[in-house]
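Take a look at the structure set out below.
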Amino acid sequence: MSVRLILLLSHALFALGVYGVLTRRHAIGLLLSIELILNAAALNFVLFSRAFGHVEAQAFALFIIALAACEAVVGLAIVIGLARHAHTVFADQVDLLKG
Amino acid sequence: MKQGRGSCRAATPPAVLGLVGLRAGGGVPGSASPAEAILSLGGLLVLLIGAWARGHRPALTASWLTLAAGAAALWSAPVPPASSPFFGLILCDPFSLAFRWLALGTLAIVLLLASASRELAAAVRGECYGLLLLLGVGLMLMAEANHLLMAYLAMELVSLSSYVLVGFLRERRSAEAALKYLLFGALSSGIMLFGMSLLFGLTGSLAFPDLQAAVAGTGGPMARALLVAAALMLAGLAFKISMVPFHMWTPDVYEGAPAAVTALLSVGPKAAGLALLLRLLEALAPLWASLSPLLLALTVVTMTLGNLVALVQTNVKRLLAYSTIGQVGYLLIGLAVHTRVGHEALLVYLVAYLFMNLGAFACVVAVMNGTGSEALEAFRGLARRAPGLSLAFAVFLLSLAGIPPLLGFVGKFLLLGSALDAGEVALAVAAAVNSAIALYYYTNIIRLMYFAPPAQAEPLSPSPSPALRLALGSCAAATLALGLWPGPLLELISRLAVVRLL
Amino acid sequence: MTPALLWIPLLPLAAFALLITCGRRLAPPVAGWVAVAALAASAGATLALAEPVLRGQRLAVRWAWLSAGDPRWALGLAVDGLSWLMLAVVTGVGTMIACYSIGYMRGDPRYPRFFAYLALFCASMLGLVLADHFLLLYACWELVGLCSYLLISFWFEKPAAAAAGRKAFITTRIGDAGLLAGILWLAWAGGTLQFDALAGLRETLSHGLLTAISLLIFLGAVGKSAQVPLHVWLPDAMEGPTPVSALIHAATMVAAGIYLVARTLPLFTPESLQVVLAVGLLTHLAAGTVALTMTDIKRVLAYSTISQLGLMMTALGLGAAALAMFHLTTHACFKALLFLGAGSVIHATHEQELGRLGGLRRAMPWTAAVFLIAAVSMSGVFPLSGFWSKDAILLAAQHDGPPWLLGALLAGAVMTTAYVFRLYLRCFHGAPAPHAGHESPLIMVLPMAVLALGAAAVGLAGSPWLAHPLLHLLGLTQIHAGIDVPILLWSTLAAAAGLWLAWSVGVRRARPLPAALRPLGTRLYTWAANKYYVDEWYQRLIIGPYLAAARGLSRFDLRVIDGAVDGAGLAGRALAVWKERFDRLVVDRLVNGTASAVRLAGAGLRWVQTGIVHQYLLVVVVAVVVVSLVLK
Amino acid sequence: MLLTWLLACPLIGMLVVLALPKTAVRAIRAAALLATGFALLLSLELLIAYQPAAAGMQFVERAPWIPPLRIFYHLGVDGISLPLVILTALLGFLACIASYSIAERHKEYFALYLLLEVGMLGTFLALDLFLFYIFWELVLVPMYFLIGIWGGGRREYSAFKFFVYTLAGSLAMLLAILALYFRAHTFDLLELAAAGRTFELGFQQLLFLGFFLGFAVKVPIFPFHTWLPDAHVDAPTPGSVLLAGVLLKMGGYGFFRIAYPICPAAAMGFGGAMACLGVINIVYGAFVAMAQTDFKRLVAYSSVSHMGFVLLGLASLTPEGLQGAMFQMVSHGVVTGAMFLLVGVLYDRTHTRELSAFGGLGARVPVYAGFLIFFSLASLGLPGLSGFIGEFLSLVGAFGVWRWQTVVSLLGIVAAAAYMLQVIQQVLLGPLNERWRELPDMTLREGLSLAPLLLVTLGLGVLPLALLEVQDGALQRLIAHVVGAR
Amino acid sequence: MTFALLLLAAMVLAGAVWVVTLRNLFRAALSLGVVLLGVAGLFLLLEAEFLAFVQILIYVGAILTLVVFAIMLTARLQGTPGTAASPASRQRVGGALAALALFAVLAGATQPLLWPEAPPAGAVPLAALGQQLVTRLILPFEVISLVFVAAIVGAIAIASGPPGGARPR
């Protein structure tokens, strides 16, 4: 069981998530990318929990999943609100507020 | 300060200390945070009432009762010098107690603003109050967190509630602001979470005391990795407190959000975020030598950027957003010097900032209620249309600018002093220069209110509601009275600013 | 005796206070009589002091002023022979002139104010004379300057009068600054400012220091006594009422410089006396030539005054303080008389241009008579007053001065007679001018008569026949005064030559020079008639550059200092934002100042805030990367 | 309790004014006049009860204020502050009389005016550095409003400029105060003065620099003076009077009370620089004044020039120099205050301050002309009037120490005559400008507000010892303190 | 074991790349499902069966469903088909560089370290996890419930249609 390898994988997942956040234009696409980041973190926790035999860390991963759900709910609600009031779902068209 | 502290210690505790229940004796685990429990239950109750009852009055009443009960609980709870209930997940010490009171105070004033604000639709006010209370719980827990998991959860509770509150107005700018806030916050907290996971991987512990022990004595690639983890974690907290360069959401979100929510965001999460940042820095104290220069630099950059960009703003909420960034820069001084004096100054300035900034937002709410506009031009000639309001606003602005004898001056005085005390002369000079820059945009509003002729002559209508007057009056009274007699406050805080220092 | 000492300046001061506060409620002649009475009383008090002073007593009174302990900063009055003589001149001439003014100023809308100023002047002048201490002397020195200013520009509706007053004040103040510097230096180096202690300083102070201090003091005298190069104010001062010219700008105030040098002569080293001599002689001759060419009565007299003051300065340069004071006394009489006579003419004809006057002898016999006495006295004709004092100076020049000095002074004497008789002849003789004059009222004639008596007889005090009571008064032992026949002859010759010149050139307009020299003569004449272009040079070299500097600095202040400090002080930030509201200058300044950097920073950082969330997020990620890399 | 009552007078007055209805203009004015009048009476009582011979502070009051920081409510006067307190009370009262010409927003005006007086008095009375700073800044805000609301011309700009300049300077001072506190752990000025002597030179120099910046802006010292012409010109008349009469003195007083005692070695070291700045102020101010065409601006620049003498005298650290500097402050306060009142009188009638717009007024308004000539002469330093004493003593003091600077500053004396006579000539002399054919002379109220100043100017000029004796002891001790610290 | 690991890694990576690059949002969402399943597999591999179970249940079952719903809903609100390709971003290069730099920093920091090998029998037993959740972690448990309530109430408040049209102004 290569900790290093899985770690590298989580890093990659994290970096890909970040890339997605930076490039995805659709707001929901951005949320998807954020799920990648959260998954990368959760993967880390599980990995280290296994390595250290740490129970709380695994619980941490559990909480991450729960929070990801919450974040998704709120995020999607906001996107729907945006679509309703701003008539767009593209994050880069949201530029009324600036300066 | 040192001598002052010495004499304080020698003296018997004055009566004020009885108020915060600094009594000896350990509390039973689980009963140490009844205030949070009351607020949570109250928040859920208010949400229920808000969903079922007609109008927002019942929800408002319930919210006030909850707040009162929470305050009573906080008042009466025995707080030993430090206890770690819930298996060390949270830490109840005087320091966190101070922040809990700050959170309660913020909530109370914001509740006044929210109930008086005309822009919040009546239909959703009940939910709004409930979410405010839950957010308050998050703020308190942030200040108390003693464990990475608690810290993360508390921050997410605050964040998610704020996202929702920001988007509460059913209009484009509000939705925009909510989206920006959400995306920015989600990315930041994601990065922070990843940092936490790395930190855990590197140390094998999640609780702050264990972290401190594990971090101590590291070097080489391990220290390097720890620093990278710390940098990632910084992103989340810096986002919360609008520290440059994680500040960019601030103006946009402040402008789009309902004014009452902006008021909350400008104080509550800042205070709690600073508390958590301080705790985290405690946990990573062995790395302090590496973190300190960065923190100092970011402090200067934060205040400078905030103040510079505030100069060219035309929207009052946006202006106050940049002003907040500048103020956070000042607050960070207390953190960056990392001395006891600095922590005391930080607390004092937070108290000052709470009153003066919330007061300023109360004025903004009043003007928005009257004119429907949040442009700076709406303040033109306000002194003739609403003299009391203008006077109060002038007091808040001057206090923000650090003009004596207002409370903001006392705080700034101590912050600058802590910088000099720590030998950070450049930091103090930078802060002083920034104060001069900041003066421009604060006085610019005063200029508009007092020197410019009003666009229309009749008094502002509607004049501020009783709730708003209460908020204005209490903030102004506190700003002035505590500015004139800061003694008891300083006394109190010198007892509360007890953070374990290494 | 001490109270009498105090009364001398206080009486005119009281008159001033009375006149300035409720002068307008007094009937016009009453105001005049108040002043006359005060001055006469002062004169009486002075006379009362004569006896002890002649016995060689020095009366003094002193009190603390700027410091309770330090005697340097005390005030005091004292009278000795020197000051008594000056007192007598001031009170005597002053009383006469005040009397004369009652008639001369009749009908003036600011009649009481005139006498108020006159009284203040006399009080200050008396204070100056009585001061036994540099501090009080300087204070009164300034005050007489002020009165001179007020009186010159008394008819301030005339722009020329207003400008002349200012010119007088500022020009003399240049000299005063030198005097002040000298006083400061003396206070520090000598540790005393008492006049009676000056002699002791000669031993204690170094030679160079004494020279410097004495020259600075002399600078004050140069300004006050209108010596070259600070003489330019006096001719312009003739814009004032004629009695003022007589009192201040002929008899008393301008003589204060002479008095000052005479008083502080112990401080003067041989080197500084050389300077005094040179300045005096230059003034004497240069002003004499200018006086020859002037066509305005009063200006002729003004340059004549400058010239005579130069003569006194020359005497001082020879170290002969007593002679200078002697000439000062006689000069006060005849020059005041000349001015009063001229005033009488002006009063009668409202004309002071020589070309439009003539033949007034018949219409104004009294005036013509006294004018003639004064002219003769000034020409130094035996045995009138002027002869004694001038002769004494010539004698001293012969004894103590370089050989050419006597010749130069004789040339000066020729010119003196020439210009004064040119004046007299063209005013009172020849064809009557269109302005039919009339004799002045008694109140004006009477004082003239008294002064004529003085102009004729005061000099006798210095004659050997009266056993030199004057020199006795001045406490001198070594004297040159007396009748020295060669000198007597020389000076009579000079007077005759002057008379001939006045007649042939001044009145008959003969051309004495051979044709070959005529262009040179014309050029010299043009130079002199234009006062050697001194005013023009001053305009070009001093006033012009000064004003230019003032304006330049003002612009500098507005643009550079303001701009730079604005920038540094970040106030410029404000100006930038309010650029629509404020003038372009402000903006221009900003562009150059540091403020522009601040402004650009603000605007630039604002531009970063694009509102596009992707860019924000990119900033976050980049920041995290950078922070991670930076942390060490 | 005398000093507390002195402070309380205007404060109570302010509260009364605030309690009165907006429309009760007469009552508001009367309340303000009474408050300032009582303050003046109390200050005179202070003068009577003051014992010049006694050493140290008198009428001291000390009570804990902010115990955790060891900050005290600590008041007291000595020979340095007493004359300035009286000056403040006097000008405060007279400018209050002059404030009758304020035409709008009376309630706000008088409330701010009285607050300003509290700040000014407090600045001179405070013996606690923190308290001093509070009062110092307290002055700023009302003055900002007075200029910004009731001023003329570019009032907003001027008010802002005044505010920012002064505050920027104050911030430098604040840093110095803080550095001092964290070194000495006290704000007590007397303790600090004792402690200051023990500081090493480098620290003293830094402190001095901080204080210098704060005070230099207020004095103002070249090149920090550019706020002054704008603020003076655009302030309402009473504002200008207090600005020139009192606010500038706060800077000078700061040097006397704080910068010099606390940083003696640095003060000695910077003496030459201070003297040079003084000379620059004198000559530069005088030259720039000469080029002004606006009456008020000219007087403003003359202030720059006059305050240079304060610096010069201060830099000498001789008894005469310090006496002269203090005297000059008082005298300048009285004389320039009166000059601004006179400008205001003229401006109220003609609504212009352009010097070239006047001419020949001397015949039309003789009483006004008399006052103007009198105060112009006092301003140009005529002996017998107070201006001379201050300048003379400053020069005397400085001459022995900074010879060439003093000699150069004599240039300023000549130039002062030039610009002041220029004013007289342009306003009063020459043919009457027909525009002002019907110009009325001064009213009784205006005369009453000027007459006391005239008497003080004359009295101080003739009997300077009355003031000099009050100052003497304190100044001697200051010199002993500073010079003895070497 | 290693093979399974590599397979899952490839699956996760491929899925992640699709999530962030596919123009069609609907497909991207489905790709996220692939990633989530891959991660669940990794959890299994790490002997965290319960977590894998939760991952599939909550993530794939609930969140992904929600996302797909939202995509459809917003598409309807927008009036465009939910499967439409979204246009390319303008900061792909910048984003890629930043992400790459981040990866490099992270890898550079963690790869040089000596990581402990997981003990063969160090898996966290499910019972221990459960016990922890109701004892030591009772507070987070309570807090997460608050977060749930806040999120759901807030989401309803934001996303629900306007009760009476626009804001009362």
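Per-chain residue numbering starts at 1, and chain names A, B, C, D and E are given in the order in which the chains are listed.
Criterion: a residue touches a chain if its C-beta (ideal position, glycine included) is under 8 Å from a C-beta of that chain, and two chains touch if they have at least 3 such contacts.
Predicted model only: the values in this text are computed from it and were never measured.
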Co-neighbours of subunit E and subunit A - touch as defined: B, C
Each chain counted as touching subunit B and subunit E at once: A, C
Two chains sharing the most contacts, counting C-beta pairs only: A-E
Per-chain CA centroid nearest to the all-protein CA mean: D
Chain located farthest away, centre of subunit E as origin (C-alpha): C
Whole-Å gap between the CA centroids of subunit A and subunit D: 65
Intercentroid distance (Cα basis), subunit B paired with subunit A, Å: 27
Subunit B-subunit C separation of Cα centroids, rounded to whole Å: 76
Length of the line joining the C-alpha centres of subunit C and subunit E, rounded to whole Å: 100
Junction residues of subunit D - those touching two or more other chains: 156, 160, 164, 168
Junction residues of subunit A - those touching two or more other chains: 7, 14, 17-18, 21-23, 25, 31, 42, 47, 51-52, 54, 56, 59, 63, 67, 70-71, 74, 77-79, 81, 84, 91-92, 94, 96-99
Touching two or more other chains - residues of subunit C: 569-571, 574, 606, 609, 611, 613-614, 617-618, 621, 624, 628
All pairs of touching chains, each written as two labels joined by a dash: A-B, A-C, A-E, B-C, B-D, B-E, C-D, C-E
Touching residues (chain side subunit C, partner subunit B) in the complex: 569-571, 573-574, 577, 598-599, 601-603, 605-606, 608-609, 611, 613, 616-617, 619-621, 623-624, 627-628, 630-632
Of subunit E, residues touching subunit A in the complex: 1-2, 5, 9, 12-13, 16-17, 19-20, 25, 28-29, 32, 35-36, 39, 42-43, 45-48, 50-51, 54-55, 58-59, 62-63, 66-67, 69-71, 73-74, 77-78, 86-92, 94-96, 98-100, 102-103, 106-107, 110-111, 115-119, 122-124, 128-129, 132-133, 136-137, 140, 144, 147-148, 150-152, 154-156, 158-159, 161
Of all residues in subunit E, those that touch subunit C in their complex: 89-91, 94-95, 98-99, 101-102, 105, 109
Touching residues (chain side subunit C, partner subunit E) in the complex: 614-615, 618, 621-622, 624-625, 628-629
Subunit E partner contacts - residues on subunit B that touch it in the complex: 40, 43-44, 47, 51, 86-87, 89-90, 118-119, 121-124, 127-128, 130-131, 134-135, 137-138, 141, 149-150, 153-154, 156-157, 160-161, 163-165, 167-171, 178, 198, 201-202, 221-222, 224-225, 227-229, 372
